Each structure stands twice: as C-alpha cells, then as structure tokens.
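Structure in structure tokens, see below.
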Amino acid sequence: MNRDLVKFVVLAVIAVVAPLALSGSYLMSVLVFVGIHAMLAIALNLLLGFAGQISLGHAGFFGLGAYASGILSATYGVNPWLAMVITALSVALLAFIVGFPVLKLKGHYLAMATLGLGIIFYIVFNEAVDLTGGPSGFSGIPPLKIGSFAFDGDIKNYGLIWAFTMGTVLLSLNLANSRIGRALCAIHDSEVAARVMGVNVRLLKVQIFALSAFISSIAGSLYAHTMGFVSPTSFGFNFSVELVTMVVVGGLGTVYGSLIGAAILTLLPELLRAFQDYDIVIYGLVLILMTMFMPGGLVRGIPALFARLLPTRRQEG
Amino acid sequence: MDNAYPMNIVDQLTQYLFSGLASGAIYALIGLGFAIIYNATGIINFAQGEFVMLGGMFSFFLLQSAKAPLALAIIGAILLTTLLGLLFERLAIRPLKSASPLSLVIITIGGSILIRGLAMLVWGKDTHALPSFSGSDPIELAGASLLPQHLWIVAITVVVIAVSKLFFSYTISGKAMRACSYNSRAASLIGIGVRRMVLLSFVISSAMGSMAGIIIAPLTMTSYDVGIMLGLKGFCAAIIGGMSSGFGTVMGGVILGVLESLGAGLISSGYKDAIAFVILLLILFIRPQGLFKRAETERV
Amino acid sequence: MLEILGITQRFGGLTALDDVSFIIGKGDITGVIGPNGAGKTTLFNIISGIYRQTSGRIVLDGRDVSGLPPERLARFGMVRTFQNIELFGQMTVLDNVKVGLHTKSRSGILACSFKMPWHLVEERRIAASARQWLEFCGISELADQSAGSLPFGKGRLLEIARALALEPTIIFMDEPAAGLNSRETLDLARLIRRIRASGISVVLVEHDMELVMDVCDRILVLNLGQKLAEGTPREIQENPAVVAAYLGEG
Amino acid sequence: MLKLRNIHTYYGQVHALKSISLHLSAGEIVTLIGANGAGKTTILNSISAVTPVRGGEIALSGAPIHELTPERIVGLGISQVPEGRQVFKPLSVEDNLELGAYLRYRAGEGKVAIHRDLDEIYAIFPRLKERRKQMAGTLSGGEQQMLAIGRALMVRPKLLLLDEPSMGLAPLVVQEIFAVIQQLRSEKGTTILLVEQNAKAALKMADRGYVLETGKVILEGSAAELLENKEVQRAYLGREKKEIWER
C-alpha cells in the first residue's frame, strides 16, 4: 500500500511539473483530454475491471454529464458548479434505477443492454434539437469560475482537469483497497462464492454502476465547461468502445493501468496525425492483439514480458 | 418514404406494415447469423454487422471496377465475404482457447472496428447504391405502393431461411451443428469436430449476413459504416427470438421491423433507431430468454 | 438447530429430491451420503439458497429461512464450501479470508473512498481477524500468495478458513475430501472436529466413507432422491437397505 | 489392445491422475472402481482426449494415441458413453443415433450400411425404436442411457468406454443395461472399459478391475479377487464394514 502512495506522489509531481515543460504548446490541450479520458477510464474500470461487468454505454453517461451541465448553465443560467453537481447526482440516480434491471444480465446480454442504453442517449442528443441543438451541437457553455477567476485557458483547464483526475485516482485507489474493493473483485472471480460470503452482489453491482456513472458525468461536465461546445459525435458508440480499449490496454482492475491506457490511446492518434484515417484501424488491431497476447494489460504484461525476456531468476518447479 | 399526397390512415398503416416486413426480413437474416454463431460457440459476434456491410460493398465494387454483371457481382461478394468470415474465425477466434466472455466480446468488437476501418481505407467514406434487381417501378398492393426490391427482399429471405431450415433438420452436418451447440463435449466423444463446426457456423453466418447486405443495398444505399446499425438491429431480432437459429429469430426480425416502421411513421422518424433499442431493453429486462423460447428447464 | 422439512425438488419432469426431511442438531457433525445422482448436491444447493426448492421448508432455530438467497443466509450464520473449491483466484489468500468478514463490517462506498477514520479501524480489525482464521486452519504462511496458485489441498483449507471467518453457526461442506490425499484427509478430519469444538455445527456431503464414519455423529443416506436411512454411523453400516444401495444386488 | 503407461493428467491445479498404468486386452471387460474424485472419469476422458494428458503414453495396438484430437480417437474406434448420459435432448432419438455415425458419413460410408446398424441398435433396445421420432429430452433416464449407449455403438467401436451407466437409475433398469453390456462383449467381442460406482455389480460382470484412490491405482486383479478383497470392501462402507461382509 505504501508503494501505491509512492506511485501517487510521483504521478502528482509529474502532473504538476508537466505544464512547466510544455506550457503554451499544443500538447497541453492534448493533456487536458488525457485527464478527462483517464477519469472516464478509471470510472469504467471500477465496473469492468474490478466488478467484471462490461458497459458499452459509458459514452452515454459522459454525454449526459456534458449536455445536462451545459444546458443548465447556458440555457437556464444555473451556476456551472451547481449544474455539475446536480447533473452528476441525477445521472448517478438514473444509473442506479436503470442498473437494477440492466445488471441482472450477464455477459453478452449485459454488453448489449448497456450498448443499447448508450445508443438511446446518443439518439436523444441528436434528435432533441430544441434542447441540445441536434447534430450541429450546443455552444456557449460558460466556463467554471471561482469568484472572478475563470478556468478558460489551456493551462487553467489543465490544472482544473488534473486536480479532478488526481482526486479520482486517489479515491479509486482507496476504494480498491477496502472491503468494497475486495467484494467487487470477489464478484468478478466467483459470483456464487461472493454471495455465500454474504456480499449483496446485486446491490453492490448497481451501486458501483451508479458511482461509475457519477464520475463519468463529472468528467462530461468538465469537458463541456472547458470546451464551451459539445456535439453528439463525441458521445457515440465508438467512444464507448474507445473507453473499453483504454481500460483493456492499461489492464483490467488497475487504477494506474487505466491512466496509462487513457494516456496512450489519447496521445497515439495525435502522434499518428499523419495517418489520420488509420486510427480506427489501429484501434481495432490494438484491441485484438492486446486481448490475444496481453490479456492482463500493459501494467501486468510489460513486467511479465521482461521477466520472460530476462530469465535471470528462474523459478523452480 | 414520404408520399406527396396524403393517404388515408389504413393505407398508411398498410404501407408501414409492408416496409416494416421488408426491413424485418433483413433483420431476421442478420439475426440468424448471430444466433448460428452463438449456438455453435457461445460467442456474440459483434462483427456480424460488418459482414452485412461487406456484402453490399463488395457487390458494388465488383459491379463497378470489375464491370461484372449484377448476378455475378453478387455471387462474388457472397464468396468474398464468406472467405473473410472464415479468415476471421481462423485468425481471431480459434487462437483464443479458453477466453472469458469479456475478452470474446472485446475481440469481436476489435474485429468489427478493424474490418470497418479497412473498408473505409480501401473504399472511402462515400455511400453507394446498388441497382435494383429488377427495375424500380412501384407496384400497388392493398392501397400501398411497393418497390420490386421489397419483394426480392422478402422472397430471398424466405428462400434462405427455408434452405437453412432444411440444412439443420435433414443433413448430417446440420444435425451435427445442432448437437454440438447443445453439448459440444458429448459431440466430440462421438467424433464430431467442434472446431470444424465453429468454422462452419462462421461460414454460414457470414454468407447470410452478406446476402442481407446485398439485398438491402439497392434500397438504403451502402457505405463502410452501415454495418453498425444493421448489425445491432439483427442482434435485437435474435434476442427477441431467444437466440434460436430458426422461427423465433425470424419472428423477432419481423416484429422489430414492423414496430420500428410503425413507430417511425406514427411517432417520429428521427427516433426510429431508438425504438429498436427500447424494444431491445424491454425484452432483456422482462424476458431475457426471448419471446419465443420456453424458459429452459434447468439441467441437473 | 436446522430443520429440513419435506423438501421436494423437480427439474422439468425429473424429481431430484422427493419429500426429504431431517434435523441437524446443534453442535453435531452430520454426514449426507448416497450413490451418485442420489440428490445430495441438490439438497445442499437448496439449503444454501442457490436453488429454490419446489416445495418444503427449512427452519433455522425456529426461523423460516426457506428460499432466502445465500447472502441473506450468510447473515443468519449459514455458510458453505464447494466441491470444486470456489476461491477468488485473482486475490491473495489473506484477501480471500477478508471477504469472509464482509458481513462483520459495514463501511460503505463513501467511507471507503475517503478513508474515514472508523473505516481504518474496521480495516485493521478485519486484517487481524483474517490472520487468526488462517492460523486456525494452519495456512498463515500462505497469506500473501495468490489464491489461484494454491495447490488443491491448501485451497480447500483456505475455502474453509474463509467460510469460518463469517463466524457461522452451521457450515456445509460439499465433498471436502475430494481430491485430497490420505494425509490431507486426516488433517481435514482433525480440522472438522476443531470446528465443531468451537461450537459450529458441521454438515458434510462426502464419498470418503472412512472419513464420514470416523467424524460424523449422525448420517443421512439418500438414494434416488429419497431418504433411505438416518442414524449413527454404526446403525447406517448395519442397515441392509444401505448396503444394497451401495453395493448393488446385481 | 489399449495400454496406458504412467499417465499424468491435471485439471488446472489439480493433479487428477498420478502415474496411472493399466491395460485392456481385446474382448475384455475391465472395470475401474473407487470413490468420487479418485480419477475414474478422468481416465476415460484422457483416453478420449477431451482432457489432455501431460505425461505418459496411451497406446492403441502399439501406436501412441495420446496426442490425437477427440475426433481422431473416435475415428480409431474408441467411443465413450459419458457420465450423466448427455444425449442431445433437442434432437430426435433417431438423429441422436445417426450422429453416432457422423464420422462414417463423412468417410463416405453409404446410408445402407448405417441404416443396417441403426436397425441393429433398435433390435437391442426395442424401446428406442418405439420412440425414434421423439425428442431425446422426453425419454426417461433409463431410455436416455440406452440411447447414449446406442449412439456410442453407432461408431462401431472396438473399445467402448462406459462412465457410470447405472447412475440414478432404478435397479431393474440397471440390470437391463448391464445385460446389454455383457451381450455386447459376448456377441460382438467389443472390449469394454467400465467405470462404476455400483462396485459389486460391476465386478460381477467384469473380467478384471482396478481400484483407484486419489488419482492412483492402489489395487488391480481379477474381478473375483477384488470382490473378495477386504480393502475393496472397506473403501465402500468404511473400515468397520468387514463384519457385515463376513456375516
């Protein structure tokens, strides 16, 4: 657990120092996205990696957070912070209610139900034109402010987003190392044994689904307030799949893995700008190859790879 | 299908019913593909929709660049898609020995993205239309106007379904596939090769999917990304039908197609796709075993 | 005291259990035996809430617990182990036992995420208690190993330790000796007696007759879904119907 | 005919078979007895190649077969009637039987020969003929067992592996099935490896037997010897059981 603390401090230092090195560059704005994606990936990982329950609809919760917060603050003049909180609580409540029937399902059926949920949200973003602006998007979302200090430049956005991201990392680590985290892993490994141990599997799954939706909604609101503009294409099925890819690439069930996965899959397309249209192909390939050859994700796979390449300490047996 | 002159409500309903039947037939074909692979392997093949897309796209490009006659282009497209289905099974599914359902979901999603991406790179993002199989003069029927292609769709679907029914009921390979899907271990104990059956299921499903993609392309156009929605709708049909590789899924497709078409006509065409997914969710919540399947008696 | 009253279970047309009744006394070690297909595992699955019986009741200390799901039964002190050990394979041995203490702690998601002081106290208590149970079962040196990497015999002990962590009043063991060698089986017998000595009733389904006859106070014999006999080990061994069911008249 | 030498098999972490050696001569009935978890079923599954062997050798008439696929094993004339029957419940009785001849169909054997065998199975189990159009799932336990045996016979096996054919069946039905097993050996000369919990009945029918305990052969000998053996008796009803036997 102390090693986790060390990692966290190292990460925090990097997060603080990074802008000094990169300030004003284009990479700063990319790092803002890395932070948002990391929050989403960690949120999804709580569900997918820890509790073993897939969701192919998380882009929907992200989108709900972005639209609801944006609409409340821009159309109805609600204070952005308040809008963000109201939205996140409502999204969590919605997830909690929908969660009961959805999480009763298993495997492919669960994947399909969450996917359907995400697509329904996506269609609503597109079709409720009066509210959302439809396919052309919704603009004029005010930035978050503290007093008269507005989060509106790259550097300020970076600070805001990464403060939330680090908070998410810390809280998720705490959760993972607690009785709840253990119960979630237990559900993943053997649902029936977890129940026999007195874990209320059904309730816990729904609670974690709601928590995951809550974090995703916060990430969505942050996205809306920092960008000032949202449009449905950011919240489609493809993005849900990208999120799953981040979690899988980083490693199921590791908080830092999700962070790394989010970083790689956000930076990679930027680095591959020259091959713009190839990114979808690369996503597909990464997804297949990772599942086939490194099912534990980078966080586990890379050390294992080193161990195999450098057989210095051969194990007996 | 917007009409220039107002029809009376009965004619309108008939019209929706007919176009719903045609799209329902397509969903049924795609859904059968899902069900066949699911029954043989326990995998939901999220790449099924891409086979549908490939059918339409291969046909179009064979027609255009190879200047093949329509019938030949169609046969070629089915063969090419089936070949890809076979390759997909060999390269992505077979190497996974004891994978969890989660990794199987992820790998077929990966496959679907990959195929879609490659299609985009090779063929671009434009939408294309196949010519109708036999003209496009509407036919009047019971107050509604139908395109000949609608009839082609229904007819071809009926034939494909009948052939597959015969295959599964009367040929030794078909029976072996059913046996394998019921109990693959017992099947291997009497010499039925499970991997062969899995491969066969991918071959059949990709062929069926490509046919669906081909017969609908003259009506709705085709492009590299049509597979997503069509695939998902097909999956809805299969779920409604309880993942049966027969009657249930066909009914599922028809119900979905008709409800969707009625909903689009009477409520809002923008929410047409949402209607399909609301139906999907309701079925999953209320009767996850599908509408047409008796609750399984528990195995002892 | 656990009363099994007229349990019947049908699967489709098949009757797996037919009107089975018996009583498990407090502090007893009870064995359930019978040829394969007799319905022992089905009975276990019903008592532990995994199946729902077609008819009949289960009463624990005067409280009707029929049809309750396993997570509720756990809170009433009923716990079980599985024939093919169901461990949490990706977790450490110690964490497995900690899950057994789930019902003995109550911090929620928020308290855990924000590391509330009472939660930290609770975590310390959980860790201490879990180590005690590992010690009780003689596997404390394995605490930090991954449960998935344990040899079968040790896994069995871990599963028992995890179940004991619930501090149950009654523990059901489904073929605890299956897959164990004779030394491990002897150790198991000793452990079962120690469990009983700490005031917990033990019920086992078992095929190893030597073990059953050795440790059980009472034995229930099932055959073809029906109760064939009930009694002390000696009575059972001398019961001609039991001898016939086991050895066949062929 | 069949020889297992030092077979080791694992189920995940569990070392299920620890250096098992045994053999069958052509036309023999050999039985494996032992408690649950002793490894009886695992031996059958190792022979059928559905559970991979990690060490040792299985040879059929001298040729090693332990690295072949299950289908190839069946092709060599070894079929198994699995524990719990495992008939294909949604298919008709006749379809189940025909599928037993799947490899023969694929090898191009004509319908005539296969249908002749089908009639032969119906002659052995007339009740299956009455129910040939019925779904296998609607049969009684005993009938399903007959169907499972019939299905395995359609392979035309030289060696038949039977896993607990008496499980969960009423005594009369068990007698009927055991009679068929004996008939198979005497009329067709089929070699049979029988796993049974009903040890006494199995030993009465068998030529030889092996007693297993936690993945090892602890005893082997002629059926008559084993029936008399105290160890065997002890394994079945606990150590104090001797007295009853001697009465």
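So that you can tell them apart, the chains are marked A, B, C and D in the order they are listed, and the count of residues begins at 1 in each.
Here is the rule we use: a contact is a pair of C-beta atoms (placed from the backbone, for glycine too) under 8 Å apart; a residue touches a chain by one contact, two chains touch by 3 or more.
Not measured: the values here are computed from a predicted model.
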Moving only between chains that touch, what is the shortest number of steps from subunit A to subunit D?
2
Which one of the chains is farthest from subunit B, going by Cα centres?
C
Return the distance between the CA-based centres of subunit C and subunit D, expressed in whole Å.
32
Roughly how many whole angstrom separate the Cα centroids of subunit B and subunit C?
48
Computed distance of Cα centres, subunit C from subunit A, in Å
40
Approximate Å spacing (C-alpha centroids) for the pair subunit B, subunit D:
43
In subunit B, which residues are in touch with two or more of the other chains?
none
For subunit A, jot down the residues that touch at least 2 other chains.
none
For subunit C, residues that touch 2 or more chains besides their own:
14
Residues of subunit C that touch subunit A when the two form their complex
48, 50, 69-71, 74-75, 79-80, 82, 86-91, 95, 98-103, 105, 107-109, 112-115, 119, 122-123, 126, 162-163, 166
The subunit A residues in contact with subunit C across the complex are 171-172, 174-175, 178-183, 185-186, 188-190, 192-201, 207-208, 211, 253
Sort out for me which residues of subunit B touch subunit A in the complex.
38, 43-44, 92, 95-96, 99, 101-103, 105-107, 109-118, 120-121, 228, 232, 235, 239, 268, 270-271, 273-274, 277-278, 280-281, 284-285, 288
If you look only at subunit D, which of its residues touch subunit C in the complex?
13-16, 35-37, 84, 141, 164, 166-168, 170-171, 174-175, 178, 197-202, 204-205, 213-214, 234-241, 244
Which residues of subunit B touch subunit D in the complex?
172, 175-176, 178-179, 182-183, 185-193
